Structure formats: C-alpha cells, structure tokens
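The data blocks that follow each hold one structure.
Below, chain A partners chain B and then partners chain C, in two separate complexes.
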Partner chain A sequence: MNKKLVSNILFYVLVTGIALIVLFPFLWMLSSSFKTQVDIISWPPKLFFEPTLRNYQKVFEEQDFLKYFLNSTIVGVASVGFSLILGLPAAYSIARYAQKKLAVFILLARLMPGISFLVPWYIVFSRLDLMDSYVALILSHMLISLPIVVWIMTTYFNTIPREMEESAMVDGATRQYAFYAIILPLSGPGIITATTLSFIFSWNNFMFSQVLSMEKTKTLPIAVYNFLSYAEVDWGGVMAAAVAIMTPAIILTMVFQKYVVKGLTMGAVKG
Partner chain B sequence: MIQSSFTERNLKILFPLPAIIFVAMLMVFPVLYTLFLSFTNWNLTSGAPLSFVGFRSYARVLTEPRFLDALARTFAFTFFAVVIEGVLGVAIAIILNRAFVGKSVAKLLLLLPLVATPVAVGIVFNLFFDPTIGLANFILKSTGLPQGLWISSAASVLPSLIIVDVWQWTPMITLIVLAGLAGMSNEPIEAAHVDGASEWQILRYVTIPMLMPVILTAVILRLIDALKTFDIIFAMTGGGPGYASETLNIMGYKYSFEYFRMGQSSVILVVLFLVVFGCSLGIMKLRASSEI
Partner chain C sequence: MRKLQVTALAVLSSLCLSTNAMAQTKEIRVLLANHPYGDLLKAAIPEFESATGIKVNAESLQEGQLTTKLTTEFATRSSSVDVFMTRPLQEGKMFYKNGWYEPLSSFDFSDYPKNVMSVASFGPKSYLVPLVTEWQVLYYRKDVFKDAGIKVPANFTELEAAAKKINSDSLAGFASRGKGAAAVTQLSSYVYNYGGLYLDNGVAVFDSKPAVEATRFYGKMLGNYGPKGVTSMSWENIMPLFQAGKVAMWTDASVFYGQIVDPAKTQVAAENVGIANFPAGPKMNSPFIVTSWGIAISKQSKNKELALKFLEWATSKELAAKGMLTNITMARSSVWEDKAILAKVNPGLVETRAYAAKNGNPLDRPYMSAVGEARDLIGELVIESINTKGESANLEKMAKEKVAKVNEMLQDTGEYGKQ
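Here is the complex of A and B:
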C-alpha cells in the first residue's frame, strides 16, 4: 500500500518534470516577449517584471509582420490545396491498385534533402523571372505537402472497404464517379489530418522561402530570422516574433490534436 | 452495365499522372540537373561560361578538410541526436503508458515541440544559451556547476545543438511508441505476469522486443530527418563558430547561395543526397524484410 503511494508520487514528479522541460522554452519565450530589453538582459533572469506590449508593437507596426503573415497563409493554403487536388486521386490509385513503387517514388520527395532541389529551382525560377513570386513558393511548398497527402490518404483509403465503390459500380457508376461521390465524402478525417499536417509543415518551412523569396513574398520564418540578424540585441522583439509565428500552428494543433497525432504516428505503427 | 470510357480504363495511370509529372519536374529533374552541374566548374559570380571538368570538382571537394569535417559532423550530430532521442523517447513512452489524471494534457504538450517553427525554436534557444544573459548558465550557476560557452565555443557548439534537436524531436518517438503500445496485445504481458516475471523482466523481455519494429521505424524516420537538419543550425550558429557546427546541408547551402560556386556545391549536394538516399533505401529494405 505504502509502496504504491510512493511509486505514484514518484510517477507524478517524473511526469511534471517532463512536462516542465517540454513547456519551459515556450514559457520563457512568452515571458521574454513581454519584457523590456533591460529586464531581459538583467542578471539573474527576472521571474517577476512589469509586462510591456512594446515588443509586439514593434513586430506588427514597425516590421510589417502582417504582410509576412499573409504571405505564409497564401503559400500554405494554396500549396496544400493544390497538393490535395494532385494527391487525392494519386493516393486512391495507389491504394486500390496496390502501386507500391509509385508510392515510394512520391514519398522520396519527403525523404530527400530539400537542398538538393534548390540549386536547379533557383536557376530555373530566375530564368523564368519567377524569383520572389508566389508561384515559385507554392510549387516548392507543394513538394512538402504532396508526399504528406499521398502518404496519409493512401493509408486512409486502404481502410475504406472496396465494397463501398464496387456496389455503386455494379449499379452502373464509373469508378471515377464513385471516387468523387462516395469515397471522398467518406474521407473527411483523413483529409483533415493531411491538410493540418501539411499546412503546419509549409508554415514552418524555412529553407525554400529563404532562397526563393525576397521582400514581396517573404514568409514568416524568414522574417523572424531576419529580425534576429539585424536586430541582434533586441531580444524582446525577436521573442514576440517567435510567439507570433508559433501561435497559429499551436492553435491548429490544439484544435485538431487527434488528427495531428494520427498523422505523425501513421505508418510507423502498422495501419 | 459497365461503362468503359478511356478515362475509366486507364484510371490507374491517369489518376496519379498529374502528381507523377509534378514530382518528376520538381524532384527528379532537379536532382539530375544537380548531378550534371557537379561535373562542371560553373560559378555564378565569375560570369565565366559553364565548362565540363569531369570529376575535377569531386576531386577538389572530396579531399577538402572542410568537407570531410562536415561529413563526419553530419554523422556525429545525427548519431548522438538520434540515439539520445531514441532512448529518451522510448523511456518516456513507457512511463506515460498507463491511465493517469492529465494524460491527454501530457500528450498535447508532447505535440507542441513538433509543431513549433524550428527557426523560432533555434532563436529561443539562442537566448537560452547566451553565456551572459541566458538561462542555461544561470541554472548551472545556481546549482554550483561551472558555466559553459554553449554555442559560442567550437568545443560545445555541437552538443548544444544536439540538446535543441533532442528537445524538439524526442516527443516524436514518444508519440509513435505510445501509439505502438496502445495497439499491442496484452496477452503476452499478462502471461508473463502469471509466470511470476518482475516488471523489469516484462519490460526487458516482452514489451520492448514486441515494440522493436515500431521503435526501429520511429528511430529511422528521425535518422533521415536528422541527417538533413538545417533550420536550427542555420538560425543558431550559421555553421560557426568558424566551421565548428557546419554540416553537409549547411555547407551545401553556403557554397550554393553565399559563394555561388555551383559546380562544387553540387558535389556536396550529390553526396548529401546519396547519404540520405542510401539510408532511406537501406531502411525500406529493412522494413520490407521484417514485414513491419
């Protein structure tokens, strides 16, 4: 009895410790974003301080973060949308005709280092006068989201019994019609998982935008990074920028928690 | 009645065709183009026309100490990060694998590092590791330990970056292993209980061996991503101090987009590609043979 109590206490101490380590950088980032520069560089670090909104003002008023916010959203939404258009039929075909090689081919885009595509992209997009354009960014981000869509949706379509469309086909429907009218309406959960995950990955992507975008189409991760390089000592502003970029992804994750977990763990666990 | 239009008969190929064309244009063509460039001496800043030099760029880059260091560093970073993440990730999953108050909150918390923007994570840890105002040294000081230079010193920069990677990606392994544990049959464990095995023995001889395929896949997924780590290194150190944290990915980036030596950078990118491709291929073979 006593032993059980001790082990329970030990367990909660351990879990709290883990939670604190996970949370700590977020809390620290949040608190620093409300600190004045003086409070940030004071030693020892201050736990209690008078909060200021000055850093957020700097980020949104002086740095034009709203524009970068909008850019990230445009690129994220468009790349995920087009990836769904290309990826859903592809995943259906892979699932129903067991096209394993094709699946591997598309998944390679997820495994290969992005930088091995970047030099040719840079050259070709420059020639086509597409540097700093939404087109180039959206295309590059599609290479992130398409494999995610195909991976998640192939797995998902495999869980839908073939009888679903086959019974419709017996009644004279084409397979194409059955896919759009029967299978897709059943695929909500899979599509939510794929959409959420690929949007977050696009949102967080740094390397592609760093090379392909300039002032006009600059996305948030680049803006945050630039903030660091030319405002090297303005930690409060940088932290406010970091909070601003992480908040949408975290909110999405909280809302779609179940789907995000499923997407991240899918495939590793047989399913 | 079976309608047998052209589309219908060729759905198998037509449905994935746009995706195939897309991947061919944005992935296959660029990789081949990079391979082609690696046999040239193309340099965007010199303005000289591109000319074929055979394996000369390879000979030059592959013998350069900076490259060999970056290659070794890439493997070292990956190895230590993934081993630590694997051990911690599995351990945490086993700890959390029981019903307790606040389990759903704990699982939500585990998701947060995974969705946090890596560049921003890097920046937050930059402040954390700052030798004079950072919390890392404050913690060391309050516990009486000697303070460190963290990412400001060549000796400690790589371990510091590994700490960040471990913080961000250990939860990934934990979540995958937790999902594996949830889908595992309880019978062997109960049988072991009946046979009088201790908790430790059950863990060591029943649970972990049964989980091995899941653990392996989780670790492998991490390994492939760790080889390509870019954002946190770029944001935190840019490969410095000196070249002390320069991995292949960072070096390839600098050669391409800071020095514009496309011929030589392509050699680096081909090597990185082969390293990742080789690992992925080996892994797929492994998965196929073990029927995971």
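Here is the complex of A and C:
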C-alpha cells in the first residue's frame, strides 16, 4: 500500500514536471497575450501583472480576425470534405486490390516539397482567373489532406476482414453498396483520425495561402503577420492571435484525441 | 411585345457590360508593405479614390511575404499588380535585372538627394521613387553616462572605453546585431569608418585589411561587452533589451528611435534615452544612410497611366509631410527644410540625419542581385569574430574564401567588375 502511494506520487511529480516543460512555451504565450508591450519585454518576467484585453481587441476588432477564421474554416472543411469523398473510395480500392504503386504515387505528392507546386499553380490559377478564390485554396489544400486520408484509411481498411463485405455481396449487395453500408460505418475511428489530422494540417498551412490568397481569402497563419511590421513587432498582438488560432485546433484534438490514437495504432500494429 | 422585351433586355445588358468595362479600366491593384508609411497610404486611399474616381485594391503584407508574392507573380508573367512598395537595396538589383520595374521617365526626381537616387537609378533611367530613408546612429542611456561620468563617444576608441567602463553583469555596455546575415547592415558603417567596403565597383573586397579590422573590432566589442547570446540577436531581440534597460549603448538604424522613447513600449524614461551620430573610425566617419523603402510601377501593369497617377499621389509632398509628422523619416529633401514640419520632428533625428545626409554612404549591404546569399557569407565572419572576441586567427583566411564565393556569384549574374 505504502509502496503504491510512493510510486503514485512519483508518477504525478514526473508527469507534472514533463507537462510543465512541454507546456512552458504555451503558458508563456498565453500570459503574454494578456500583457502590455512594456510587461512583455520586462526582465525578470513578471509573474503577476495587470491583465489587459487590449491585444485581443486588436485581433478581433482592428484586424477583423473573424473574417480570417471564416476563411480558414471554409478552406479547411471543404478541402477535408472533398478529400474524404475522393480519398475513402480510393483507399478502399488500394486496400482491397493491393494497388501499392498507386499508393506510393499518392504519397509522392505529399513528399514533394509544396513549394515546387506553387509556380505552376500560380500560372494555372491566374489564367483561370481563380486567384484569391476559395476554389484555388481548397484545391491546393487537398494536396495536403488527400494523401493523409488515403494512407490512414488504406491501413485502416486492411484491418477490416474481407469476409464482412463478401458476405454482404453473397446476399446480393454490390461492392459499392457493401462499402457504403458495411465498411464505412465500421471505419469511424479511422475517418475521425484522418479528418482531424488533415484539418489541422490545412489549418496551419502557410505556404499555399501566402501565394494563392489575397485580401479576400487570406487565412489565419498569414494574418498573424499583420502584427509584424517593418522594424516593429507587436508581440502582444502576435501572442493573442496565436492563442486565438490554436484554440480550435486544441479543442478539436482534445475531443477526438482518443480516436486519433486508436486510429493511428490500428494502422501501425496491423498495417 | 416579346420582341420589345428582348431588345430592351439586350440594350440593358449591353449598358451593364459597358459600365462594367469602364469600371474595370478604372481600377488598380496596389501591394503595400506593413510599414508605417504603407499604413498611412492605406488610410488615405479613400481620398485618392474620391478625387480621381480610380478604385484602388490595396493589400498590405509583411516585407518577406511581399517579396515572395511579387517574385512569384512577376516570374510567372501573370501579375495583376500595378504599383508596389519595394526595398531597393534588398531586391532592387534583381527586380531591375529581371525587368520587373517600369522606368519612370516623366517623374520629377529633383526633390531627392543624389546619394538617395543612386539606388533608384540604373544607367540613365530611374525605376523607383524613394519613400523612406534611415541611417545608422548610436542610441545611449543618458542617466548611465551621467552616473559613470563619461561623455558621448565620438570615435571608436571612446566607444570601446565607454563600453568597458559601463559593462556589468546586469547591464551590457554595448549592443549591435550579432546574428549573422542580419548583422551585415549594421557592420557596414564600421567597415566604412575603417576605410573598407563590401563591394568596390562590382568586386567583393571585404577581405581587405581595413574591412577585416572592422569586423575584428565589431566582434571584440560584442564579444566582450555585448549581451549574452548576441550571435543569435537581431533588432527584434536587442530593442526589447534596450527598452528593458539592459543595454547602455546600441548602434542600429534610426528607424527604432520612435519605439524606444514611446512610454507605452519602453521601461526607460524617454529623457534618459539619447541619440547621437555614429562614432568616427580610424579613417573617416561615413555611416550608412539608405533608402529602405521605395515605390514602383510594375512593367507588367496594364494600367500604367492610372498607376502613375497613384504613384505621383503616393509620393506627393503633402503625404511626405504627413509621414514626417508621425516620425517617418521621409526621403524627400524639401520636407527636411520645412521649418513648420521640423518643429514637430524629434531634434535628435533632425541632427543625425543632417550629418548622415552630408557624409553618409547610401549602401548598407553588398549591393548585388544575390544579396541574401552574400549576407549569409559575411554573416559567418561576424559570428566567428564575435565568438573569438575579435581575435580569431582564421578571420583573414575565412574572409578570403567568402570573397571568392561572392565574386563567383557576381560573375554568375554578370555583375562582376561593373558599377
């Protein structure tokens, strides 16, 4: 009993220690977002200070971050949605017909540095008059999310026994119907993993939006730079914007975390 | 009846089309930088629109993003940008060589100082209008100087003595940028004052004796009296230290003055912050005075007349005067002669500018297309020098290697040996 207590205490001390180290930058950011510029630069850092909401005012009133939030959400949701529509059947087909080459080909798109796509894209999109449009951004972000969906789901589908859909097909279902009615409902954790991960990657993407978006479709990671001026950095504004941007991603991760872990390990162990 | 409807519709739609077409020709796209003058322009654009009927689609970007965007758009020859803010020293030569600037033949440049125009012109033609200048100064703490009983250093010997006397564990005697490439611009005035140069008529010469001596002195000062970790510090790191009262002397560009005396941003009382001319070196005193920002018309613009109209408005004397009142150090000469304006500008800025405008060097970095790569190479020398407190035995050898590499770059782009 006593031994258990000691090991319990040790465990929590260790966990708290690790958490503090890991969370330190985050806490620093959080506290700075409520500080004035003078408090941010003061040394030694002030643990107790008079909190101010001025930085958040700048983010949401002066800078119109709600618009950028909306842009990021539209692009993220649509690109992940289309990636699921295209990627789920693709992953199923790769899993069942062992289309290894196709899978590698899709992965190649992810392995190539994104910047090598930008110039051709820019030419194509500007000729089509699609610059500063959601279409261009959504298509470009699908380059990020589609391979994630395909790769996570391929390994996931491999874990579902073939007999499941075969028995449905014996009863007269087409393969398409079996996929829709039998396989998909069994794939919840995998789909959630793929969705969460690809949404976060899209949410944080900087490079594609930087070149393909302008004022109208500017996304959040680009908008943070509004606080970096020539020879001047508004640290409080940057911190508040960073907190605002991270919050949805953190909530999303916390809600779906257990599925993500499950989905990833499923693929890892049996794939 | 039906026929009438159709004709009416046709007439209506053609009317719509023609007004649309008109609206389209009266529209320009402008890319501005996140810079106080860019903000000032953006706020004033509605006035321009109502006065001229030209619709302006303006977008502000952080400087790095701005360069990336301009480069991508211009390189793919599908740009819709008409007017843009540009950094002549950083990207001017590359933009000019690629033919991205439209020559400005009808613009009146008579109000701009000669050394400022030297980076706006290539051959007989000028390609951009200088907006903002900045020059190197020495910021110092008046109260610290008073307590230590020393006067403002006027040359490098006095600078070193002052730093030595003031330096303590809690207060760095001296600071300047130490982070490789970022330090190159600040090192430039030291090199000039030792009698050296980065490039001489298109040939890299920063391995000359005076240039290496200057690099050694810079490293000695920062290595001995600089803040801890100075080799990873640029202005973003040093300014907060100065504002927190951890640095007694700081050499950097004049552009930071407003922020270090602003009580909302600094812990040091404004009356304790001093600004002085950059100290003289063994050979001369020629601190940099550079055109940090200009504005230009895109060669690919399809609305060059409207673009020129905007450019002339954006560089007007009225707006320059407005900029001066918000402490933006404008490039036009006339605003620095206008007594009514000067009365409202900080005297420290007026005095140091007068000195730099007369004696300064218009370049603060190797002026070439591959400026980024060259800065990285010189930056390695700076770091080596700081790490060894200026005593590195390898510095000459390293400088020779870097010079060879920079000369190779100059040859690659055909700039070697040319002005």
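List of remarks:
Quick note on the criterion: the second predicted complex is superposed on the first by the 239 of 271 C-alpha atoms of A that agree within 3 Å, B and C clash if a C-alpha of one lies under 4 Å from a C-alpha of the other, contacts with A are read in each partner's own complex, and residues count from 1 in each chain.
By our rule, a residue touches a chain if its C-beta (ideal position, glycine included) is under 8 Å from a C-beta of that chain, and two chains touch if they have at least 3 such contacts.
Quick caveat: nothing in here was measured; it's all calculated off a predicted structure.
With chain A as the common reference, chain B cannot sit beside chain C without a clash. When the shared chain is aligned, chain B comes close enough to touch A:Ile200, but chain C does not.
Once chain A of one complex is fitted onto chain A of the other, the partner contacts of A:Leu146 are limited to chain B, with no touch recorded for chain C. Within the superposed three-chain model, A:Tyr97 lies in touch with chain B and out of touch with chain C [touch as defined at top]. Residue contacts after overlaying the shared chain place A:Leu86 against chain B, while chain C stays out of touching range.
In the superposition on chain A, contact is made by A:Val260 with chain B only, not with chain C. Of the two partner chains placed by the overlay, only chain B lies in contact with A:Met29; chain C stays clear of it. Applying the stated contact rule after C-alpha superposition, one finds that A:Val238 touches chain B and leaves chain C untouched.
The larger set of touched chain A residues comes from B, when the choice is between chain B and chain C.
Contact with chain B, but none with chain C, is seen for A:Leu111 once the two complexes are overlaid on the shared chain. Using the contact criterion defined above for the overlaid structures, shared-chain residue A:Ile138 touches neither chain B nor chain C, since it reaches no partner.
Overlay on chain A, chain C versus chain B, candidates 223-231, 295-303, 313-321 or 385-393: the clashing stretch is 223-231.
In the three-chain superposition model, chain A touches both chain B and chain C at residues 40-43, 118-119, 122-123, 211, 225, 228.
Note for the complex: chain A touches chain B at residues 11-12, 14-15, 18-19, 21-23, 25-26, 28-29, 32, 40-45, 85-87, 89-90, 92-94, 97, 99, 102, 104-106, 108-109, 111-123, 139-140, 142-143, 146, 150, 169, 172, 174-176, 179, 200, 203-204, 206-207, 211, 220-221, 224-225, 228, 235, 238-239, 241-242, 245-246, 249-250, 252-254, 257, 260-261, 264-265, 267-271. Chain contact summary for the complex, chain C toward chain A: residues 33-36, 57, 59-63, 65, 68-69, 72-73, 75-76, 78, 80, 235-236, 240-241, 243-244, 246, 253, 255-256, 259, 264-267, 292-293. On the side of chain A, the complex with chain C involves touching residues 36-38, 40-43, 118-119, 122-123, 126-127, 131, 210-211, 214-215, 222, 225-226, 228-233. Note for the complex: chain B touches chain A at residues 1-3, 5, 7-8, 11-13, 15-16, 18-20, 22-23, 26-27, 29-31, 33-34, 37, 92, 95-96, 100, 102, 105-121, 123-128, 132-133, 135, 138, 142, 167, 171-172, 175-176, 178-180, 183, 213-214, 217-218, 221, 224, 227-228, 230-231, 234-235, 249, 252-253, 256-257, 262, 265-266, 269-270, 272-273, 276-277, 280, 284, 292.
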